[in-house]
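Here subunit A shows up in two complexes: once beside subunit B, once beside subunit C.
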Partner chain A sequence: MPESTFGLRRYSENKIVNLADGVQLVSFLVLAAMMIGAAIGVVLLSNIVYSAFLLALVFISMSGMYILLNAGFVAAAQILIYVGAVNVLILFGIMLVNKRQDFVPLKNAWISQVATAGVCLGLFALLSTMVLATPWAISSLTPIGDEAIIEIGKHFFSDYLLPFELASILLLMALIGAIVLARRDYLPDEILGRDRPSEQPSALTLPERPRELISGGK
Partner chain B sequence: MSPGIDLQASFIELLEGFGLTHGVAKAIWIPLPMLIIVGAVTVLALVSTWLERKVSAAAQQRIGPEYMGPFGLLVPVADVVKLLFKENISPVNTDPLLFAVAPLLVFIPIFLSFLIVPFGQNLVITDLNIGVFLWISLSSIAPIGLLMAGYSSNNKYSLLGGLRAAAQSISYEIPLALSVLAVVMMSNSLSTIEIVQQQADYGILSWNVWRQPIGFIIFWIAALAECERMPFDLPEAEEELVAGYQTEYSAVKFMLFYAGSYANLVLSALLVAVLYLGGWEFPIPVSLIAGWLGISESTPWLQVLTGSLGIVMTLFKAYLLLFVAILLRWTVPRVRIDQLLDLGWKFLLPVSLVNLLLTAGLKLAFPVAFGG
Partner chain C sequence: MDFANLAAQLNAGTILPEGIVIVTLLVVLVGDLIIGRASGRWIPYVTIAGLLGAIGALYFQWDHSDSIAFLGSFNGDALSIVFRGVIALSAAVTTLITVRYVEQSGTPLAEFLVILMTATLGGMFLSGADELVMVFVSLETLSISSYLLTGYMKRDPRSNEAALKYLLIGAASSAIFLYGVSLLYGLSGGETRLSQITAAILSSTGDQSIGAVIALVFVIAGIAFKIAAVPFHQWTPDVYEGSPTPVVAFLSVGSKAAGFALAIRLLVNAFPTVSEQWHFVLTALALLSMVLGNVVALAQTSMKRMLAYSSIAQAGFVMIGLVIGTDAGYASMVFYLLVYLFMNLGGFACVILFTLRTGTDEISEYSGLYQKDPLLTLCLSLCLLSLGGIPPLAGFFGKIYLFWAGWQAGAYTLVLVGLFTSVISIYYYIRVVKMMVVKEPEEMSEAVKNYPPIRWNLSGMRPLQVGLVICLVATTFAGILSNPLFNLANSSVTRTQFLQTPIAAIARPVAQIESSADQL
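Up next, the complex of A and B:
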């Protein structure tokens, strides 16, 4: 821990939350029930908006699990990133294209449902045998608790530097891709054929409406 | 520096004096600060609605509420009573479940965030290690509640309002978090207590506002946008969207939105005070004054005085900021949605990134002044 220059760091006894075992067990059971129930709801409900809201519940119960594991920072990051960003974007996506169509029942839909259920159960069986068969190396170290942020920071800039930088490049690529897609205005085919015979679009540019047409619309 | 009064320890000692065991005494203590904070926050939010009425009246050269209690102080109480007794209406084609859950999703994270607001050295519910980060992550839950309210109301104005609110709070969260990060970088900790202590050395001169002027302004703008205050209250722009996502709400559910928005404003003002204006510190350090007067710092009455001065100072700073926010609301016109998003993404975001870089550079160059 870097010593604070002002020497005012409070008597920081290592505040690792050790709930009584019973309380811990009960909270684990409640969180697990909440998470599994919400996850099943995400898959089975036919209303996609409900599924998206339940997904937020799944993420929140996961962050509760992290709190039980004394990983407060990871829990808060989980809420910030998954609930606050990912899930809100999913909801945005749903609400911007929501056509409120009635659900048309397909003929013989049960075949595909049974097949899906079979695949899912098979996957579940495979994964659970894997979980049960693997001899997990359970660490005997005490949880790091409050010092976690410092340790995570150290790891990011030493042995996990490459994944960290790769993730940032991936995000940058996604950002640029989103900007390119958003800047492209919808271009009807006949205008494309008529107006731009001379201009040869190179392989790296997307077809784009000429600028003056857009500004003329305002 | 002395640790000041430790209410928890003295309360537990008192109960143990009555013959209770340590565990029982602690279990009795645990809910007390939470209840006190929930009550206090409700009162603070009500006071700010009263302040809004009075200041808006003054800004328009009216008198404002006058007859209900002294200076109209009972108006907020009447508001609450009215909203509690109103019929709980949910329109026909709404989605009843989501319609009921949405106000709670907006309301609960705001009240939960008061966990980390310190009013004094030991006057905080928990001194969490992740401190401010908890507030940032909790405040990111609110957009889901707003989207839920907009969607479940089955009303195009509500849906547009909800979408706008979510877009706005997502785009302003980033400059907000980046300016908090610059403060955190200087104080080497996310804990609100340590952020205040790091500003405590030279009284008003060591407050973060002098070292982080850009960050202070960005944080204030972003906080106003997060609270949907006037220059940025597009989600409920009444000329365009009736009342945005709250259009269909009434009675208790409306009260939750209303109280939540004012509690959020109080919370933001308190956090500006904590992050940039020295929190509970008096402009001249109390220990310095005590030294001049020749009083020992461990004198009991001085500690009580310091504790109460801390609460008064925190609230004073917060309400000063709140006053500025209310004046802004009644003097500044509303921005357009494209201006709002332009300001957030094209101006505040790059400026806050530069601010972060500048802070890092200054911290390396002058570790004495910037908490190296």
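Up next, the complex of A and C:
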């Protein structure tokens, strides 16, 4: 039982704890290697489907990290939301688009790649300096482990009640917006024909004419 | 904690205005669902009534002393009331000028208004949010509704492009903002309430830390995206050009006001330890916005793009008030936003009307409009001149107050650059006015020659006319009769707790604790 293994760490300083620390260290190293390897794969592989599946692997190893930190609920939420929803959505997107386009290598692409690498490394250096230099206020409370769900529920219905309720409005609106964007509209031609002196080709467009750059190209 | 006790602690009456907006939203949504397309006749009026009802509820909350609600998630103090009022009012005027535009493009009106009201709701909650989670959820409510509104004309490639661009840049800036906020959470040892973050940071990590500076930079990136300050403005011209014009009107007033409310509350409350740094960064952003916005606006040929750059520049002017950080500075900011609401929405109402009648928004097509449509010409001229800051109009008094407050506080560079760039701005505003008024009849543009007869009795035209006249009257007289607005702006600042308590007072007890800890 992994939970009791990690739970033991808090109680005393005998040999079992050292063993648990060892397990923790090994699993951390495995998860970290998995995460970094998969993340590099996401960026470097040219087949986008592989990238999407590797992204799922990144998320799963991240949820493993949360389990190591005694945050079981966050780990479950991570898998449910990122792997179950976000990543599946990405895969759907890839499959629905399904556009085979040959990749034309750009000239001098290495300049932008070097620039990107420079910016990323700089940002990484800055952030890691910051993480190491800042005296973080680390909470002295012991992690509550599986009782976290109860505690989170209490917060949702006391001091985080308002954001929790506002999120329901946000979801309602996202639902409506998704329907508006995705549904098939009937085109009320009679509205257009009646008032518009110069009839435009299609409804559901901006009333402004496109600029001449676009229309002159035809 | 039993239920009755909890209900009393929540102080839920503070969000009554938002509650009214939510109820209106649901009424519009369900009403449209039951009745169908015929509901388009009454839906805009229900929306406007709901938004005005929310403003009325805000008026009655002005004297409430107990402003903290929902155990610290929300703070309905005087400053938030003014900003929520500005956002609700801008949504109400936007609804007036929306009806005809949406009907003529053949898109459903009810959904448009529902999403607009959700955006308003997000903005209103953002103005009063006093806690990091609340700040982020309300910011996302505002942003996601804005993306949806931007892409509402879904068969137009320009609208699609605008929505996609706005979504991608917006999502990136939200992520950066969230990273900054998470750093704040870590630095303060797990504190999310804005009013307590500073004390927690001081007691745990000390006065100055690189972490606070990085958190500040990330948070400013998120806010500057919302208010479209240079160099976070790249989305603005394309999004403004491709979105439906009423949406642009709301984005340039309501969404910006929400961004400024967030900026004041977050920066003053959570970053007093790096106060010099944020003043420096915001000064740079204000200078860049004023210069770049005004100079690039000179070269625009499309009215919507010109107003986009003009709104970038206006955001730069408003930031002067934020940077100097005195009472007069904040009050002048609120005052300027109040008059900016009317003059900018008036300008957009005119652009919408012209577009609906002629189907174009090129500046050159406006030439000779005076002969065909004097009311439109008058309204657009006054709004543009007011935006430029020509004396008897509202914008002049707004700018004078901003610059006066800046001069008092010793921000000479900002004020001088502001004065200089407003002179530049007058040039491009007057160019449009000259185009409309001065041209001889034979120089009239094609669009104006074919100008349709003016018919206000078409469906949806009447609200547009009402909106136009309201903005015209407010822009003309809000300057001369500015005393009520002036008092409103001033008292909103003097009655707001967190602007009145000097930062030193928050910092002092903590410093004492630290020094006593050192002695031990």
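Note that the second predicted complex is superposed on the first by the 164 of 218 C-alpha atoms of A that agree within 3 Å, B and C clash if a C-alpha of one lies under 4 Å from a C-alpha of the other, contacts with A are read in each partner's own complex, and residues count from 1 in each chain.
We adopt the following convention: a residue touches a chain if its C-beta (ideal position, glycine included) is under 8 Å from a C-beta of that chain, and two chains touch if they have at least 3 such contacts.
Everything quoted here is computed from the prediction, not taken from an experiment.
Engineer: Check whether A:32 is in contact with subunit B, with subunit C, with both or with neither, and answer first, second, both or neither.
Structural biologist: neither
Engineer: With both structures fitted on chain A, tell me whether subunit B or subunit C touches more of subunit A's residues.
Structural biologist: C
Engineer: Check whether A:48 is in contact with subunit B, with subunit C, with both or with neither, and answer first, second, both or neither.
Structural biologist: Touch partners of A:48: none, neither subunit B nor subunit C.
Engineer: Give one of first, second, both or neither to describe whether A:119 is in contact with subunit B, with subunit C, with both, or with none.
Structural biologist: After superposition on chain A, A:119 lies in contact with neither partner.
Engineer: Between subunit B and subunit C, whom does A:175 touch in the aligned arrangement: first, second, both, or neither?
Structural biologist: So A:175 meets neither subunit B nor subunit C here.
Engineer: According to the stated criteria, A:127 is in contact with first (subunit B), second (subunit C), both, or neither; which is it?
Structural biologist: second
Engineer: Identify the partner contact of A:83: answer first if only subunit B is touched, second if only subunit C is, both if each is, neither if none is.
Structural biologist: Only subunit B; A:83 stays clear of subunit C.
Engineer: May I ask you to decide whether A:163 touches subunit B, subunit C, both, or neither, giving the answer as first, second, both or neither?
Structural biologist: In the superposed model, A:163 contacts subunit C only, not subunit B.
Engineer: Just to be sure I read the superposition right, which of the two partners does A:73 touch: subunit B = first, subunit C = second, or both, or neither?
Structural biologist: Once the two structures are laid over each other on A, A:73 reaches subunit B alone.
Engineer: Help me check something: in the complex, which residues belonging to subunit B touch subunit A?
Structural biologist: Per the touch definition, subunit B meets subunit A at residues 1, 3, 98, 127-130, 133-134, 136-138, 140-141, 143-144, 147-148, 150-151, 159, 163, 166-167, 170, 173, 188-190, 193-194, 197-198, 200-201, 367-368, 371-372.
Engineer: In the complex of these two chains, what residues of subunit A are touching subunit C?
Structural biologist: 126-127, 129-130, 133-139, 158-163, 166-167, 169-170, 172-174, 176-177, 180-181, 185, 187-188, 191-192, 195-198, 200, 202-211
Engineer: Please give the residue numbers of subunit C that touch subunit A in the complex, ascending.
Structural biologist: Counting only subunit C, the residues touching subunit A are 1, 6, 10, 15, 22, 25, 29, 69-74, 101, 103-108, 111, 114-115, 118, 121-122, 125, 131, 133-134, 136-138, 140-141, 144-145, 148, 151-156, 158-159, 186-190, 200, 204-206, 209-211, 214, 242, 244-245, 302, 304, 355-356, 359-362, 450, 452, 458.
Engineer: So in the complex, which bits of subunit A are touching subunit B?
Structural biologist: Counting only subunit A, the residues touching subunit B are 2, 4-6, 8-11, 15, 49, 53, 56, 72-73, 76-77, 79-80, 83-85, 87-88, 91-92, 95-96, 145-146, 149.
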